[in-house]
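Each chain gets a letter, A, B and C, in the order it is written, and its residues are counted from 1.
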Amino acid sequence: MSLSQIETETAGVDAAAAPVAPQPGMVGRSPGRLAWARLRANRTAMVSGWIMVFFVVLGLAAPLVELVYGISPFEQFQDKIANNSLPLGYLGGVSGEHWFGLEPQLGRDIFIRLVYGLRTSLFIAVSAALLTTGLGIVLGIVAGYLGGWIDAVISWVIDFALALPFLIFALAIMPTVTARFYGPRDEIPVPFRIGVMIFLFALFGWTGTARLVRGQVISLREREFVEAARASGAGLFHILFRQLLPNLWAPILVSFSLAVPGYITGEAALSFLGIGVVDPTPDFGVMINKSLSYAQTDPAYLIFPGVVIFLLVLAFNLFGDGLRDALDPKSSR
Amino acid sequence: MTQPLLKVRGLTKHFAVRQGATGAKSAVRAVDGLDFDVHAGETLGLVGESGCGKTTTGRMLVRLLEPTAGSIEFQGRDITKLGRRAMRPLRQDLQIIFQDPYSSLNPRHTVGKIVAMPLEVNGVNPPGGVKARVQELLELVGLNPEHYNRFPHEFSGGQRQRIGIARALALRPKLIVADEPVSALDVSIQAQVVNLLRELQRELDLAFVFIAHDLAIVRHFSRRVAVMYLGKVVEIGDRADIYERPRHPYTKALLSAVPDVAAFGEPRQRIRLTGDVPTPLNPPSGCRFRTRCWKAQDVCATEEPPLLVREGSGQEVACHFPEPVGVGAEHVSEVAA
Amino acid sequence: MLRFLIKRLLLGTLTMFAVSLVAFGMFFMLPRDAVATMCVKNCNPERLERVRVELGLKDPLIDQYTGYMKGIFVGRDLGSAQGGYCDAPCLGYSYTSSEEVSDIFARVLPVTLSIVLPAAVLWLGLGIGLGMLSALKRGTVFDRLAIGFSLTGASMQLYFVGGMLMIIFVYTLKILPVPHYTSLWEDPLDWAGGLVLAWVALAFLFSAVYARLSRAQMLETLAEDFVRTARAKGLSKSRAYGRHALRAAITPIVTIAGLDIGGALGGTVITETTFGIQGLGRTAVEAVRLGDLPTIMATVLISAVFIVVANIVVDLLYAVIDPRVRLG
């Protein structure tokens, strides 16, 4: 840079900086809209997104489905169960009336139980994901921005929680907590069981989001737009939630969308092990646990719930991946 | 002279660092006792190589960094001890423009939101509404006010820097610290931004502390210039004195590196400084420039030269053996005064 | 490096201490009436009270905790109701199976290790190999198949895969016996035959994660300048990729592998339940069903030790692979 250049350039002031040709509407394409356009262009993500929506609607509309289908999840069709407790007919009793067949022994309809199971599973998974994401955001932002001993404590707690084997801890906590509130021979209500499960997921699940958000905040913290806000006298709240948070939505959305299938799997696993939802309530994990004893004689009982939960998790995972690609075009799969 | 708008005395910033295998604590003496004044409507240029502490100084002036020692008086009031609440009304008079136009604008906010941020934070509701004020500001810095709803990624570097300037102007400040506002821009854009700042200064009667590593840009813009080396001011004075009659060897060396059209055709004598800038962790004793100075003598190692006005020119110089006035680049040593 | 090691060990110890506190706290959060739960017959109030005293449940919490920890490191006397003196490492006494908890673990730990270790070798090898290869053959049919494999594996449920494997190989094709455990030293062939389905099920699910991760890592590394430079200066493809790229790509994978130990332990719980093999996981599930608190608590502690140790090992490995870490 030399003096002469300045002198010569002064002649053409503003020539290059003149506003670009006005575009219709004058509304900018926000980063969010650009990501949406990229997501729309991703066929896998769109297809899995629609499957996801289908499952969610099916779960939400379970009573409606029951009305149309005409069979309740608790109805037993003993007349269609043979003496060896297996359903009559082929493929575990698949028929026009019972689309996915019947459960061995009790003779309940598998299709309608799966629809209600979807409802249980999605309710727990989505609530847990919302709770963990919220907790993770707050703790991650606080740790990342404030730094110092607060960060040291939160980071240590994150590492600590990661050192705890979730499933084994869940195994240990579940009976302890129930025993705290209910006697050994009491009936434990379903909402309580579901509540404890969500609580367990929240207790262990926030660390992932918190870690992610903390890292992002640390890289954003030094940006000059944060300093600009501080130089204007902005308080902590403004900086954390007005300046930083809008820049965190992308990773948060991705981690949320990938947390949901994780909790679907987790919920099914807990129920499979007998410490989550228990029998009369329709649930994937419970169904598969029971079906294993019939694996030899009635494989269809295992296959229907197994395939449904696989498709459900796959759709969420694929959509989550698509979302990540759309929000962060640099990341390659 | 009237009371200065900004009066800085003994401003010091040390950063604590751990180093070595033992993790022993030591201090980086980034800024080590600065004194200078800035008057209303005036520009002070702050020049030096990277790492000399000029950016740290700028951040302390707007209280983004807490000084280790010293005072910053703004309109006669020491602001170094003020809390956030007490600082608030002063923030409106004291703003900063950043170096990097890419990281200084929040990528998720619209231009309107960015420029309105200082108003929002301070609860200022300008007559005619925030939007009108923001559009007025955008127009002032040469941007299309219709671009209110656009996002930073839709603008070029120069345009982004204009947005940053509009934001700094939102609260009608009296003093703006411009931290290398053009060094991240293309050379062809630099002049436009500098000219914009100059026009704004004239129109709005702004005072600037203009930080740069480039002497040419500072000359174009500043009435007074301070040259920094390793956390200290080595020479400070009016533009004419510094550029026409530099007395400190370091200033002279810096100036000799600037191509000058006026001297076209004359033989150029460029002073090449040898050696590296010493680490601010352990600055040289006495005069900090002595390790790279061709005139250094024993006294330079033992005694720190005070910042004083020397005979023959108006500026203050911190050197035991200042350059003689009116002599070219030949290195005539002078007996210590 | 030494400083790093010491710091890591100290942190690990601290974590272990905290885990033991949490586990112990949980143990006492519960039972207003743990004793009544444990009591099967002749449960008159006096007897219950005597058991409470004998178990030390009337002592202050801190004494109970130090007593428990002392038991682990030097052993302690549990009283006649719990089988007398209990040698270190003493993890307490299980009422439901009437033996010391450490004896139970001595029995089931080899089972779980027989499941996890071969499976881990399988899933690491399969996952990393598949991921690296598909990165090198990006865009080919092989790559697409590998992506499909890892997507499927990542969305599969362990018990579903396990159930399907049993249906196919045990009940339909009848080429494998019903899963069971035999000691490796007694009959290696039967050992492998009884556990192979468990290995395959675990490997299928876990390798998916590694395949995906190592593919992404490898692609990223291959695009970096230093790999191009290695190729440009005349190194052969296999040398440039094998020596330079692999080393850079493997570091993050090591980290994940360390963090995954917890997941793998959870995986064994499900695997053992699915295949009906009596290892650590199934013991824990049964202990939960029977309210056998000393066993549950010991399971938690042991799994936490596994994870903490694995993390320290990973950190050290990390420092060996990536010299930059040593400065930390």
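Quick note on the criterion: a residue touches a chain if its C-beta (ideal position, glycine included) is under 8 Å from a C-beta of that chain, and two chains touch if they have at least 3 such contacts.
Please read these numbers as outputs of a predicted model, since none were measured by experiment.
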{"item": "Labels of chains that are neighbours to chain A and to chain B", "value": "none"}
{"item": "Chain whose mean Cα position lies farthest from chain B", "value": "C"}
{"item": "Whole-Å gap separating chain A and chain B, where each centre is the average of the chain's CA atoms", "value": "50"}
{"item": "Chain centre separation in whole Å, for chain C relative to chain B (CA means)", "value": "58"}
{"item": "Chain A and chain C, separation of their C-alpha mean positions in angstrom", "value": "24"}
{"item": "Multi-chain contact residues (two or more partners), chain B", "value": "none"}
{"item": "In the complex with chain B, residue positions of chain A that touch it", "value": "1-6, 9-10, 12-14, 16-17, 19, 22, 26-31, 223-225, 227-235, 238, 243, 246-247, 249"}
{"item": "Of chain A, residues touching chain C in the complex", "value": "159-160, 162-169, 171-177, 179-180, 183-184, 261, 265, 268-269, 272-275, 288-289, 291-292, 295-296, 299, 302-303, 306, 309-310, 313-314, 317-318, 331-333"}
{"item": "Residue numbers on chain B that touch chain A, as the complex places them", "value": "59, 62-64, 84, 87-88, 91-92, 94-96, 98-100, 103-111, 114, 117-118, 121-122, 142-144, 146-151, 153-154, 156, 158-159, 162, 164, 167, 171, 187-192, 194-196, 214, 216-217, 219-220, 258-261"}
{"item": "Residues of chain C touching chain A in the complex", "value": "11, 15, 18-19, 22-23, 26-27, 29-34, 36-37, 147, 151-152, 154-160, 163-164, 166-167, 170-171, 212, 216, 219-220, 259, 262-263, 265-266, 269-270, 273-274, 281, 284-285, 288-289, 291, 296-297, 299-300, 303-304, 306-308, 311"}
